[in-house]
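So that we are looking at the same thing, I have put the structure below in structure tokens.
Each chain carries a letter (A, B, C and D) given by its place in the written order, and its residues are counted from 1.
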Amino acid sequence: MFKIAVVGATGYTGLELVRILISHPVAEVSIATSESYKGKKFSQVFPGFKGLCDLELEDFDASKIVDECDIAFVCLPHGASMEKTKKLYDKGIRVIDLSGDFRFQDVNVYEKWYGIKHSLSDLAREAVFGLPEIFRESISQARLVANPGCYVTSVVLPLYPLISEGIVSSFPVIADCKSGVTGAGRKPSQKLHYPECNESFMAYSVEGHRHNPEMEEALLRATGVETQILFIPHLIPMNRGILSTLYIDVDKDVEWSDIRSIYDKYYKEEPFIRLCEKGVFPSTKDVRGTNFCDIGWEVRKERNKLVIVSVIDNLVKGASGQAVQNMNIMLGLDESVGLLDAPLWI
Amino acid sequence: MFKIAVVGATGYTGLELVRILISHPVAEVSIATSESYKGKKFSQVFPGFKGLCDLELEDFDASKIVDECDIAFVCLPHGASMEKTKKLYDKGIRVIDLSGDFRFQDVNVYEKWYGIKHSLSDLAREAVFGLPEIFRESISQARLVANPGCYVTSVVLPLYPLISEGIVSSFPVIADCKSGVTGAGRKPSQKLHYPECNESFMAYSVEGHRHNPEMEEALLRATGVETQILFIPHLIPMNRGILSTLYIDVDKDVEWSDIRSIYDKYYKEEPFIRLCEKGVFPSTKDVRGTNFCDIGWEVRKERNKLVIVSVIDNLVKGASGQAVQNMNIMLGLDESVGLLDAPLWI
Amino acid sequence: MFKIAVVGATGYTGLELVRILISHPVAEVSIATSESYKGKKFSQVFPGFKGLCDLELEDFDASKIVDECDIAFVCLPHGASMEKTKKLYDKGIRVIDLSGDFRFQDVNVYEKWYGIKHSLSDLAREAVFGLPEIFRESISQARLVANPGCYVTSVVLPLYPLISEGIVSSFPVIADCKSGVTGAGRKPSQKLHYPECNESFMAYSVEGHRHNPEMEEALLRATGVETQILFIPHLIPMNRGILSTLYIDVDKDVEWSDIRSIYDKYYKEEPFIRLCEKGVFPSTKDVRGTNFCDIGWEVRKERNKLVIVSVIDNLVKGASGQAVQNMNIMLGLDESVGLLDAPLWI
Amino acid sequence: MFKIAVVGATGYTGLELVRILISHPVAEVSIATSESYKGKKFSQVFPGFKGLCDLELEDFDASKIVDECDIAFVCLPHGASMEKTKKLYDKGIRVIDLSGDFRFQDVNVYEKWYGIKHSLSDLAREAVFGLPEIFRESISQARLVANPGCYVTSVVLPLYPLISEGIVSSFPVIADCKSGVTGAGRKPSQKLHYPECNESFMAYSVEGHRHNPEMEEALLRATGVETQILFIPHLIPMNRGILSTLYIDVDKDVEWSDIRSIYDKYYKEEPFIRLCEKGVFPSTKDVRGTNFCDIGWEVRKERNKLVIVSVIDNLVKGASGQAVQNMNIMLGLDESVGLLDAPLWI
């Protein structure tokens, strides 16, 4: 059994990692840290996990993690992640960081969008962007993986093959994205208070959201092409799931089947990408609880636009599931081990 | 008291008309028809209306309606509306039709998108498009008002001033629209079955939706400009509300305040249009149960795009509230009578 | 126009009072206080109220309220209400307090259940319990009305006639009550964080809830009978509504129609109590946004039990609507003025 | 690999069986039947299952099932199940029936409550009631297992030890039960139409529900004691989960710890029953997607009542998960194989 440390186990991405790893056949959580709940059992904080994960939550102790574990996930808020990731890295354990702290190679971009000083530019440059469908090779050797943002995953996966093949005729691509509320994290706030969130739909960060530059940088690293995305996020009154609708300029003669051919070329063998038949579009429930990214599309020829609809579970393929996929690669396991459960469709 | 007939009172737009008219000070429903429930009281079908509307539901009888009522609302599905509207019209009562049957002046467009033969092209040409903010004058004299589609209202209201002022630099405008489930009507179906709708988000009619040509025709009638809209609807797991996100090409030098000036010019005196301050964007809950259309926007200069967010309650400003607004105009009343209740914000 | 002060206007009961009074024909909010948001407009805190209530939120100032207003609603949390209610009362304005601070005549009971010292026992004894169907006469003369708890209203209204008529053969009555989340107030917390509340159902305060002694005291004041209620509250993942299921021991020969006769005797003329026909049971949506209490029942003769189902909107008949009903009585108005809008059934 | 047939694979219990068996290490669905969708792939009906279950749905063919499979689940509506279960049984394959058709040993009771003629009284008498915690031994040998009703499971599991130990001082026990909407099945109807179900809570079958006699019969078979339950079901606006609140008369001197001792005696080794600590009560989210039954309780001494709160996932422990648990027992496997995934807590 591989031994796993989850740093920050009581936020939503930490919780979801624990959930996924409980079913993993050759990896198990052996250290779970939490500042707020230390001394309590994980299953006292989340009683649904009684009998499944009764680990005692402990303080962060880099030495102990390095001594006892094979790999560490850092599930802290951005800013808080930086220093602890560095400590773990320096002691030699391989780290998958789920925050935004190491997703930008140029820390100036990070500092601009996160409003925080970044003192670890070397580490930022070394970190591998953890999108396995694109950076699998580097991930397998990485000492530090920066797990992608949820919106980023849902936008970059459908765009990467199209940009690589030069099918996008002009930029910006419009990315109108909608997310369930777990994407906003576990911290209570007025905006996320049940009665104010429920039965209402809103846009946010219309003036610009951190995942916008992250999308563009990921696409640049993946394809070498400077792109422009105009990304607007929205909040759906439900727990899980992101649906991204992309509006892409294409030439007049592009057909549905051309897109299919491109996707087949890039993704035919991918275990977690599923392509829809013509006329079929995915719902977020199709991927609830799973690591899949489902993609459907239509060419609206009268408008010279390709419209793409992609869905992921923001906590799985958009966070902890993708992190486990990265872990599987880093440990030399079959990439899909522990990640092929069926969706909780209803 | 003005006497009102509601033809098709047990669908959602009929129900909502009854709800709104219960609070109207000088109009009251005196005839409510229903094929499926005739002989029952309205309050037996909807027990929440006990003591508020105990009318007996009756068969459609054009003569009776014309004899007893001042105005008639037709709340039937498209196709079913045509013939009954015609009968009422021919007998001389003024009619507000909430279906799509008379929204297109060219019945060929109707026939193409609805897949139904339209035998009343004269009436279609005569019908006034019931968007008061644009066609108020004609509505006041109209014998037949075609009440607009819900999505159409949410898209045309924010676009009309911008197109009139020539601020849109190229087409298509992208209209990424999201609607609560009541927009799909009262008829049960697998897709709208609670467990399959709940906690999931989906796009639909990606290949083209009837409201797309309706938007373009309304804008043409309003501005004389041939436009192109690329409209994609989505289904939100909640009951009420439409949020439309519009992506519009504008010139480099357009500022937030330019848009504000245009909107002020057109909408300053409008009782049901509310403009957001800079940095504020509306949620659907802001208009729940009301006839307001709230509009917020941002110029994303680095992308040369104006992003607009508009919200309405699909059953009120998107249907029955707008119908009552039209009725008020036709009856020479203050346009906002009975329509200024506060939102059920939570 | 009567001038109204709302002390604590930005919690849910304050917000709901403002909502209801916007439609009231002869009363209007002229002072709205808030500690957290003072200096802001009400409509900046709740943008859905733009154009409907643009009052500036101000500090609590008893003298100003007494000078300018006819009646004051205190919508503060328990404990916080006490002192301000006292100040207003002492200066001579009539007060309706929506907290629990003056609902118990014996402050020892209050202190036991609320864990707070109560220094105003005289005022507590003077306060009239604001359930108009029972205490209408006293309310009309009251200087201080203690508006009942939401659960209490939903349980006491169906029980009061039955206990008065001696039809309950033994105690305790079981009151299994379920409430939407707005009942828990506006303050964010982990338990009420959207993702943890949504799609889940729970019981709480199983060991005993404050509304339990309040129910018993209200019934004692109403009927002179010492009763026992066993009350267990539950949280429903939705915004509004309480449904209470009551299990009552009755004699073998009690029939559905006997209960009907009793209810008719007490409630036939009540504007806000609606009795269901045999075989019909109310849903919370039947009363959403309204001041009604709907009651259905069945006698399960094989078990010697009468089962009652009552529903209210916890924010209306369970709080602010009932408060306005009390205000109407105190001001000598028709009790139902401004309170007869139809439910937002969907 | 054991080969499994799912008869009626496109209803919710069939769908859930497929979902659970996808993760089962030594059993796999090899035949899935459906009348409505035959010829289609399972993953065309449920696109979320693409790549996970692409079986072609076929007509029911008893011979083929018997030839190719080790065990058959019948997931048809009551009435429809009878004949097909009989055919399978007669050909010799072991059957787990998820309908109500074989849950009553006395078919007269069945006929009274289901309003359907039952022509297979021998089979009904032979069928083993599939509640493993009570009837494990018989299940292991059974040729036909009648899988219990969802409400029944949530009520009988907490009651069985208490009745066995004689701690219930008088009957009826009150069972106030609340269920998510999937419990009502997959067939669209007005009542289950999203907008009419959403944001509302209701009681139903107040006059008597089929699961009431089933509870009493199960308890009689389990304990030999004639009991009385007064069961009232309610519909929660959410997908999954049952929470049952039980009100039980107990003697004055019964303590929390007495109940704990009893539960420990019966359930300490049970893999799917989890007991809450004092002061803790389960939420339905604690068991979402799992086969657990979590039980919390409190003694309200001032009322001489024991209050129990139990939760299950109605589709798992309340249906398909329990069916797989029965299958594991029948196949001689570890009872919890494939059933220990963590809950989808958010």
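Some points to look at:
The rule is simple: a contact is a pair of C-beta atoms (placed from the backbone, for glycine too) under 8 Å apart; a residue touches a chain by one contact, two chains touch by 3 or more.
Source: prediction; values computed, not measured.
Both chain A and chain D derive from one sequence, and where they touch, over half of the residue numbers involved are common to the two copies.
Of the two chain pairs shown, A-C and C-D, the one joined by more C-beta contacts is C-D.
Per-chain Cα centroids separate chain A from chain D by 36 Å. A separation of 46 Å divides the Cα centre of chain A from that of chain C.
Chain C and chain D have Cα centroids lying 39 Å from one another. In chain C, the residues that touch at least two other chains are 12, 180, 182, 195, 198-199, 237-240, 282-283, 285, 288, 346. Within the complex formed with chain A, the residues of chain B that make contact are 172, 174, 176, 178, 180, 195-196, 198-204, 206-208, 228, 230, 232, 234, 236-241, 243, 245, 247, 279, 281-285, 288, 296, 298, 300, 303, 305, 307, 309, 346.
Considering their complex, residues 12, 180-182, 186-190, 192-195, 197-199, 237-239 of chain D touch chain B. Across the complex, chain A meets chain D through its residues 12, 15, 18-19, 22-23, 46-53, 182, 199, 239-240, 274, 276, 280, 282-283, 285-290, 294, 315, 340-346.
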